[in-house]
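Handing you this structure, nothing more for now.
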Amino acid sequence: MNKIEALKNLLLKTRKATEEICAPLEVEDYVPQPMEDVSPPKWHLAHSTWFFEQFVLVPNDPDYRIFSPDFAYLFNSYYNNAGDRVLRPNRGLMSRPPVREVIAYRQYVTEALLKFMDKSDLSSEILAVITLGVNHEQQHQELLVYDIKYILGNQPTFPIYGDSFSLQKEKMERTFIQFKEGIYAIGASEDDFCFDNECGQHKVFLHDFQIADTLVTNGEYMEFMAAGGYGDFNLWLAEGWDYILKEKIQAPFYWHQQDEKWFQYTFQGFREVEKELPVAHLSFYEALAFATWKGMRLPTEFEWEVAADRLNWGQLWEWTYSAYHPYPGFKKAPGALGEYNGKFMINQNVLRGASVATPKGHSRKTYRNFFPASSRWLFSGIRLAK
Amino acid sequence: MNKIEALKNLLLKTRKATEEICAPLEVEDYVPQPMEDVSPPKWHLAHSTWFFEQFVLVPNDPDYRIFSPDFAYLFNSYYNNAGDRVLRPNRGLMSRPPVREVIAYRQYVTEALLKFMDKSDLSSEILAVITLGVNHEQQHQELLVYDIKYILGNQPTFPIYGDSFSLQKEKMERTFIQFKEGIYAIGASEDDFCFDNECGQHKVFLHDFQIADTLVTNGEYMEFMAAGGYGDFNLWLAEGWDYILKEKIQAPFYWHQQDEKWFQYTFQGFREVEKELPVAHLSFYEALAFATWKGMRLPTEFEWEVAADRLNWGQLWEWTYSAYHPYPGFKKAPGALGEYNGKFMINQNVLRGASVATPKGHSRKTYRNFFPASSRWLFSGIRLAK
Amino acid sequence: MNKIEALKNLLLKTRKATEEICAPLEVEDYVPQPMEDVSPPKWHLAHSTWFFEQFVLVPNDPDYRIFSPDFAYLFNSYYNNAGDRVLRPNRGLMSRPPVREVIAYRQYVTEALLKFMDKSDLSSEILAVITLGVNHEQQHQELLVYDIKYILGNQPTFPIYGDSFSLQKEKMERTFIQFKEGIYAIGASEDDFCFDNECGQHKVFLHDFQIADTLVTNGEYMEFMAAGGYGDFNLWLAEGWDYILKEKIQAPFYWHQQDEKWFQYTFQGFREVEKELPVAHLSFYEALAFATWKGMRLPTEFEWEVAADRLNWGQLWEWTYSAYHPYPGFKKAPGALGEYNGKFMINQNVLRGASVATPKGHSRKTYRNFFPASSRWLFSGIRLAK
Amino acid sequence: MNKIEALKNLLLKTRKATEEICAPLEVEDYVPQPMEDVSPPKWHLAHSTWFFEQFVLVPNDPDYRIFSPDFAYLFNSYYNNAGDRVLRPNRGLMSRPPVREVIAYRQYVTEALLKFMDKSDLSSEILAVITLGVNHEQQHQELLVYDIKYILGNQPTFPIYGDSFSLQKEKMERTFIQFKEGIYAIGASEDDFCFDNECGQHKVFLHDFQIADTLVTNGEYMEFMAAGGYGDFNLWLAEGWDYILKEKIQAPFYWHQQDEKWFQYTFQGFREVEKELPVAHLSFYEALAFATWKGMRLPTEFEWEVAADRLNWGQLWEWTYSAYHPYPGFKKAPGALGEYNGKFMINQNVLRGASVATPKGHSRKTYRNFFPASSRWLFSGIRLAK
């Protein structure tokens, strides 16, 4: 199978996977936007399609006729270079177009892409943009999972989604793996696909460090809660302390206390918290407070990357105490695609690893995920370092 | 046809009418809540049903089994006496239950009501509550029309709803009808159904007044706009002036300027403004500023009621310069139904008349509608007085 | 003493009285604006002076030279017709001009006024504006008292102001005075000074009513509190209920609970609440909830005016269940002075009577004071009706 | 002069310097808090005193009697371990205690400190806390300058403060100094005083870099403005772009455009912008947008420290593209003093160098200043790197 066939296969598989994530939903579930960070599922379906239409078909395929002039406006996310857009907090007001039209849009664009790829002479630039489009859609698959969980988990009736994306128990004994100080190579080598934020290998000096071989579990986190962790300001960053007071946070997101027991909303419904599972849905503030309470710390993203080959990772994204800043020599691509990553490089923390919601083939040890320190709806967890 | 049969017919007709208002909608349109005042259509469908279940069936029909225990919580609006409820601004987050379950809920309750009414010996108290439930549902029918217009009118694509609820041209010559000072009787006589806020006839002294026999038209209002009405603070209440500055209001709601022409969103789509139609979707502030610009004023609710028999009314609710306060001798009913009207009697203005969205048979000259002075999504208009 | 001499005396006395109210203050107390409704004392001193400069001297006295061009901008309150102004919430940021310059400004303008009034031929229009200026300054005297109490009462150290403006015990037995239904004359006759909002006698029909001859006391109000009045939503307007929940209100303003006893900040310091004093610093919502709990109601402003000659009034402004709306035939004056009252006629309630903070000679039975239903820092109280 | 005498001298000199910064103020200027970040000068005077009282005298001097029990509460800043405190945004409401009492408090504590230091046997721990108190007061001196400029610069009258803290022209030719890649030592060595955030030497690997020997000037920045820099979103971080749109930022803070010319508020009054002076009062967003427009970047804090000995620095703090995070091995001190720095280590950027407002002897090349990326009232500037 040649390179183009492989890409076509990957494209088709990715497009289908997005729709499968939505299969358990009611039509009504595609619409709401319960907080600004969460986008309606309908919007993800359309936006990941718009990306291909806008950046692959419109500029490169003279035979392509756009599906609808409205959609360019409706499903742009943040690309200032690509024209006006619906303001982010208003996505949940868009009952139109209905879901069935969005599905038709998806099919139309997928078919046009495949047809376009069958034509000879696709430049490496075009192939790169299609590959980026696939990776972009995979990122939205993961966000779709987060957002669906948020939408369903905020229904008073806690509906069941299904068995996908469930967590496994962690190994109960924890070992700290040791690393020696020295110069290490960090970053992706650019032989394979990488995002601009992780590309460009460079050197970093690390001092001696140790990193845990397991994630922190619900059981350990409940000990922290029982010990008054949410009430002891000495464990918290000032900003985190203000945050938990203002938001009245006393437990991980999706947790609820009933009759002195802790329950949590999961995709399989409302269930008692299981101690052996890794603790999830924490802000960076909570992760750090826990580590501080343990007398330990969180790893930096560089320590994590150096250690990655010796860790089990992939259940939950792991908060690092590293700012999401550019690597040495980072350059934005020209045009709209240059808006992909660079403009978010301030006041966010890097998370490393992957989660059960990460599409297969989308994870690698150089991958830099990033969220504001207060985010809790993503599939995040804690790995300790010292 | 006896009284109970008549009520059964009215009930059935009313229940059906609610569903017919929703007929042109997509499933997705039932979900969003684009501002706090607007409720999702799904919510109206369920809440008007919940009212019958909660206040007629549950306390009076020993054979009745509630449709779902969740619904009592989900579709309570503001009845503190009836238990906890979903906070108003969160109604748009409820993708569940899906529309089809709400429709099933409606049918289940309608059938249970009819069966219950077939049993002998319905007390006059029960009949009164059923009658109140019908009137309550009629009120929600009108709100449904407002809310559907708001939801559709805020889609970037301005979808068409249909030909219902459209306005007719006003008579072009205006006459002012004169009334002499004296004592007048105000309020409903309680022989027929009336809401508690309008019941209890009492006397009011009115000075000489004159009232217009037509509503103000779009054409007249465009003259006000062209004369700089939105820019001259001397025409405005201080609160209204702050409001239009803050909200950047320069025209009635649903109006849009394109190439120096004024267009408006209507249920029939996006159309150029017609001068002969009555101007609609104005706040009290705008209505009063217009009247001030004309060197006139708005009527009080008492003047309006006295004049009503000599007016054509019913296209648009008419703002009065009367506060929505209790009539002399007003008493709240005991229990949850006492929360129906009295608790809203502060900082709202009375509107009199009816609108094209008012269900047939639901209007009368003593009817007191009420909204905050800033409300613009209702079907409101202007009648001048002097 | 002729009419002009009398006005000069009144002017001088009024100017001095303003300064005496401020005598107990530290320089620092003249600066803060702890909430938007409260103006810094410095601002009152300057603004009441600006009024005379702007509306008497500048337009009428060709010899007058303004004190400082900055002041016209700095101390305009809300007169849009008089040019730009400092936004209300920013008054507390103005540390400059220092207090001593404001005092110099006061003296400069007072002297210029007296000199101007010594010239012959003051038209009746000019005398009317000077009289209005005096009444305007008297209104600001009362606001000064409210604002000083707010500023001092929100110091963690509860400083003592002095013995002025203290309340007397109410008579302990309450009688309800009865009035018969009929047509009554309402409003000021315009022989003496009146504000535009109270001028214009007109007729009102009143039904039979009874009104209490004493104000509600702290002791009675504590019974309401002890009976759970702040926790029973059936006693409250919906807007009031939301307000006390949001603001966490459980007692009148300035009250503090310590060791199960109630204390309050007074101008004489922090003291235990005395049961026989009239209860003060209540919102309209609280006044109405109390009346509802008593099975009574609040009077309308018309009932109050009709009864006034048979009541003792003047300790506290009395909330009425009347909207602050225009009387029949109300007309705004042309120009900036037309902004005095009319533009506030929406969403405020009328209070009748006077308070211990009202300057001598400034009260009369036709006087219409007005505040939003949520205001609590004014000297307000409760008189019951039925 | 022995070590204790030297510290006494430094203490006395520092206490006096604080008061000299306030000498040009009116009493009224000590009171306002025009935004949350700005504290009233009175508060700085008292808080820097409270620090000595709370952390030196109270725990260590058995003869010391506190000046006033209220002050411990009133002038605590953010030390949760030291008890309750006035909420930060409410500092400007505290007209009491008056300035003269705060001055008396200062003298009382200074004298008590000197007396205490004359006693024999001061442990090195106590000397360390006194030294920290001196450095703490020096930090507040710099904040005092920022806050005074903010308070005065937001007076509509733009009052003159005086000639202190004025900027010098930059050298007009810029050279980029080159550094080779390699391992460098970063951080203070702890022989002299250092804050906990800079202590602990450690190694950092740096790639080749170049850094400018001058700061960016007003003239250069005006070129950026003239080229549309504030209107081209491609130059901005997404968060910065939202920020300048929301705050309507089109120029550095304190700049005003009049008749096509740029003026700025300075301590010497309102003046036309001088091209040769370094541009000041910029957010990190603006600094980075300027660098991006130049095709360059901002240095990291490590590059800056490595280069420091070859740079002229000290007119303005220089934004770096480094997050304010802990150095390897960072440990919080136990107790309240542990709250000094560590708890702020999230979502802030490091600034390096010093400014004309930095007290003499308070700057060193390892010093880590830090502010949120949006801060503009500090004395900040731009140094380019590549």
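Just a few scattered comments:
Every chain is named by a letter (A, B, C and D) in the order it is written, and numbering of its residues begins at 1.
Convention: a residue touches a chain if its C-beta (ideal position, glycine included) is under 8 Å from a C-beta of that chain, and two chains touch if they have at least 3 such contacts.
For clarity, every value in this text was computed on a predicted model and none was experimentally measured.
Path length between chain A and chain C in the touching-chain graph (shortest route): 2. When the partners of chain C are compared with those of chain D, no chain appears in both lists. Chain centres computed from CA atoms place A at the largest separation from chain C. Computed centre separation for the pair chain B/chain D is 58 angstrom, with centres defined by C-alpha atoms.
Work out the mean CA point of chain B and of chain C, and you get 37 Å between them.
Centroid to centroid, with C-alpha atoms defining each point, chain A and chain B lie 45 Å apart. The touching residues of chain A, counted against chain B in their complex, run 26-32, 34, 42, 70, 73-74, 86, 90, 92-99, 151-152, 154-157, 159. Contact residues on chain C toward chain B in their complex (touch as defined above): 78, 80-81, 181, 183, 202-205, 207, 233-234, 236-241, 284-285, 321-323, 325-326, 328-329, 338-339, 343-347, 373.
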